[in-house]
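Dropping the structures in below, format is structure tokens.
There are two complexes below, and they share subunit A, which is joined by subunit B in the first and by subunit C in the second.
What follows is the complex of A and B.
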């Protein structure tokens, strides 16, 4: 292999070639951000404590975020809204739990492999039925499959009903790489294994969406009929992408089971978990690759942390989601460039701030006057 | 066997009528506005909480039911309280539509789902603020069963359930009349079929949509109120399961179809109660299995009409 410099000039910009990606590139700023992100991920077990955050919670957030990354493949490219991704997350988690509790499998990596296989098969099975549907029917069908699986697990003695199953064989943590660990060691080894696998999976996803297959999915999302006319086997491609997105969810669910060491139906399989996974993707920014991951960390952290520190813990999240809908429709990562550009423009020209205030004021005035008119008409009728 | 078949079928019908009241609002909102309202279950729960407060005040005004006459008076007062509680939901629904939902009709449906989910979360805390976290029992179930109508029918069955079923039937009849015969109902249907055309001939779509959302909220709240004055308590999470089941109902019946919601609700109600009786393990899964079968075989539902109320 020749000694190529990773830097390259392209369209007048210096870009960085990423290894192992067949020529995919990042700009300098993106490279810096990516490296910082990777460093933060690796330092997380030590950094989290310093700034007063719970590492375990962040870990779970990353896992749900990973499921959201999978879901985002459907949401961003084929424009299908899946409301049933908890089925794969929970499927993976339960695969781990069942193998450990009923079959005494104690090697963590084996359990994880089983989780991925079970969840992916589940996704392939469900995907076979739903691939031909679009819009609200797709959402409701995936929801129905999810609900059937949840109801079956919830009411079945094999899965120990609502109490769930423990991922322990004879009271011990599962082994990792064939070795038994202390509690802290187990968490750390599991975390770093997951992070490495996660980075690989993100890289693969990045390659996938920029491959001809990913472009074909984009075409399907824009117009199915046209995609069919230019020779794309629409149903089969949707089926494949559905299966891949299930794989990501299953992986996340498997690690979740290994991290919590106990799997219950409600936090993993319930239909509202599906909703949360979907909203993580939007919150973080579903037009980007890593946005769902950020959204997952944020939403899970908020959901878990606010529960203990606030009496009213639903409304703050609701208000954040409202703000996302109305002010940041592209999500956090998607709007970041716009916000930064806007801020820097205002920093160089403070006069713009006055304009902003005027715009806000006039829009409030306008909506107030419209509201009074509506109320007047509703109460007194049209004169 | 025959007796318990009868009782379970009746229980299923009762449950179906309650589901219909929730699902009818969901289906007309979806049919006219094109929004799948995830906060609908919370409107139902809000109705259940409001009726708790209203009933406590209203029943204090009349004698406790002992003889048939006072029992009938009591029943009428409780039903009136349920209506008042549901009426509280009218301005709530109108406010939500005008402030939150109206700006996002043109957006992708993901945002509509996200918005209504956010409203769901906020509603939970509003109810927590208003009524606290412990389940509340309106305490009228015993009083309502003092009305001796069922003794006339020849077998023992709580008269509350009979009353609730009759109310559900009345709601269905009124809705059919409203959308078939009344002028406002026809305007709403016209708007659902073609928004641009309706605007062109002078219908204010904004006001129509506000009205429809308020109506949906009203019936959801009425369903909640009818449940809450019965044997069930009002609790914070009560909106979730009916919401998911109403999805099943409106999918089985056909999205946006009123008659479909009616048939679907009774079907889902009866099937789930039969499942409890015969094979409890499948109770939760049975409605979704029905929904899956319908979606896969006949995706438009039993009475499927897109965006049109029939």
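What follows is the complex of A and C.
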């Protein structure tokens, strides 16, 4: 293959070199999926309506998913579970709202830059205090910081309590690139600007986790003591990864504020939102780069849309999520290779379907037997 | 305090014939039905019959709180809206078009819910309950151009400052705004105790925007009326599980008046713990604008003491049901259908639907066809209509103005439920500023 060709042979397989990643590669299948994903993202405003989906809702899902991508840097590599990432999402959103509402800043990109700076500084501040902790202590500390920020905003007249702040100066949408737009134009320009920035940020995250720094984070996640022995400055690296993680959340929160044009504490800063962001990462597949993005879209869509179809809408959401957790323990994207391989095997050997049915049948029999035994013990006691 | 005089009477509207009723309520069939006088309807309505009106039903959406603590208020609004829709459909629909009402949980996504309603092709939307949600929705409502009549969302500044009439076309609100009930509480305290008897006051209000706003307005009103001094202000979290520190503070200060805008479980908790700690022996009067919103959760022991509650623009027994058959009919219908006493939030839902439906039928009568959204929005401004709660006017600022009610919290053995006794009715102009005048500025001029 020529030096200019993006294709090369590695371990007997043709792979595609990705530009600007210092030699990172994708398989042909991964390349095709990535290109399809990018095309879908760019076509979303037009495709969503055709298939009966809400573009705005998908957009919000992508934003929460982006916050989950940031959180996943900690979850996947340093194996730290943060219950406080809504602080950075909400911090970014409120930076936009405060500048627009109190200082009449009307340029959207300036507001977004402020969101990223404020959210990242917030993450650096909190990260400094939590970087030395692990497990439940880390989780509770992040939750506590989140709760303090939420309570401060919720009860502060400066932030207009829970009524929140509008991101409109004189009743108008912010400008983008110095220009005023129609409502539709504003939504489209904001969306495409976000998608371009989002793709760049995904590329940077991919590059980061495959860099020596990313490998060091993996080592920290596996065993902090060993990582320290081989010379990795553990607390500093965790602090840096925490700050980078917060940057992604702050960016997402900033765009959320520009998209929704009104920021309230409950949908952005509440600790439950932190839990949702964490769940998005797990749901989509925290062992993958884009899994959290998929998890974000799915969870936001379920939370916002099912109420229009079901009175007790939490029930179907719960059932769907339980099914994913039980049957796809690696999350949607993480389980995808296994599912595709399984389907491929069954396509070539349909006899395997019989085995599947037998497995399901015996599983149900075992469950019923256990349930019967439990009920018998509850009613008649242990004999 | 126990009374036994609150059994609703089934009494016809004797002395009023169909023509009088039509004149009184605005000349339309469903206007009569929604005012509670459907039995007077007999003849065909030619203006409506001849109008060019689509055959398909009206698609409407209501968002309200159906779960969690705010459901105490939200489910009442749902019952009210459903009752109004049932009455409309039983009487032939709006200009012949029945209403199909979808009800969904408001949650924290009221803006997104409204967008979905619009995407689904709704002709009109109702709700929300939350003032913050309402504030987020107003610009979107005006961008989308589908009329929304808010059931509550009572923050005063919404239409006073943030979205004045020149910037607002399609967003309306039915229920009284929060200044009206907080000021009614201040005036009520003065009426009951007298100006000279109020030297100090305290507040225990929920720690979120509504509670802070109500406290500010009440403070401005009572200080202006009496010169009283505030001796304590506490803001427990919404959904708090303990109010004892606030109650102890009140017991310590012994204010003449205690003001509380707590509602739902917070209101019952405050009354329970207040009785337990002897708080009502240490104050002269407690005034609470929305205590009666918990009417279906209060017990006989909790209503004892010098407690007066507001009931926004509707108290079901004012005028008393033995003098006002529309209210008696409505009360019986609600008890039969839902096994609940209707509160002011019931009227929030009922009135929002009624405001829109009566305006729509008036528009059909005037235009001879179904109106466009902008035509209907224009007609809603200045629109007057009746409900069993009385007469309501949608003013230039898109805020509906109605009487405000305040009464002594009591217990009815007949109903086995909390009631209000000796109800005082305040006309809108007594407790709300003139159009275009900010509330606090107006109070300052008292």
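Keep this in mind: the second predicted complex is superposed on the first by the 370 of 383 C-alpha atoms of A that agree within 3 Å, B and C clash if a C-alpha of one lies under 4 Å from a C-alpha of the other, contacts with A are read in each partner's own complex, and residues count from 1 in each chain.
As a working rule, contacts are C-beta pairs under 8 Å (C-beta built on N, C-alpha and C of every residue); 3 or more make two chains touch, one makes a residue touch a chain.
None of the values given here were measured: they were computed from a predicted structure.
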- Item | Joint occupancy of subunit A by subunit B and subunit C, clash or fit | clash
- Query: Is A:301 touching the first partner subunit B, the second partner subunit C, both, or neither of them?
  - Reply: neither
- Item | Touched partner set for A:282, first subunit B, second subunit C, both or neither | first
- Message: Between subunit B and subunit C, whom does A:317 touch in the aligned arrangement: first, second, both, or neither?
- Response: first
- Task: Return first, second, both or neither, reflecting whether A:192 touches subunit B, subunit C, both chains, or no partner chain.
- Result: neither
- Task: Considering only touches as defined above, state whether A:206 meets subunit B (first), subunit C (second), both or neither.
- Result: neither
- Task: Using the superposition on chain A described above, determine whether A:42 touches subunit B (first), subunit C (second), both, or neither.
- Result: neither
- Message: Looking at A:163, would you say it contacts subunit B, subunit C, both, or neither? Reply first, second, both or neither.
- Response: second
- Which of the two partners, first being subunit B and second being subunit C, lies in contact with A:154: first, second, both, or neither? both
- Item | Larger contact residue set on subunit A - subunit B or subunit C | B
- Determine, for the stretches 109-117, 127-135 or 271-279 of subunit C, which one clashes with subunit B when the structures are superposed. 271-279
- Of the residues on subunit A, which ones does subunit B touch that subunit C also touches? 154-155, 311, 313
- The answer for subunit A against subunit B in the complex is residues 75, 81, 129, 133, 135-137, 139-141, 143-145, 147-148, 150-152, 154-156, 271-272, 275, 278-279, 282, 286, 311-315, 317-322, 324-326, 329, 371, 374, 377-378
- Task: Show which residues of subunit A lie in contact with subunit C when the two form their complex.
- Result: 54, 56-57, 60, 154-155, 157, 160-164, 166, 168, 171, 183, 260-262, 264, 266-267, 303-305, 307-308, 311, 313
- In the complex, go through subunit C and note every residue touching subunit A. 66, 102, 104-105, 107-109, 111-113, 115-116, 119-120, 131-133, 135-136, 139-140, 143, 155, 162-163, 167, 207-209, 212, 235
- Message: Going by the contact rule set out above, which residues of subunit B touch subunit A in the complex?
- Response: 36, 38, 94, 98, 100, 103-104, 107, 109-111, 113-115, 117-122, 124-126, 128-129, 204, 206-207, 210, 240, 244, 247-248, 251, 255, 280-285, 288-289, 291-292, 295-296, 299
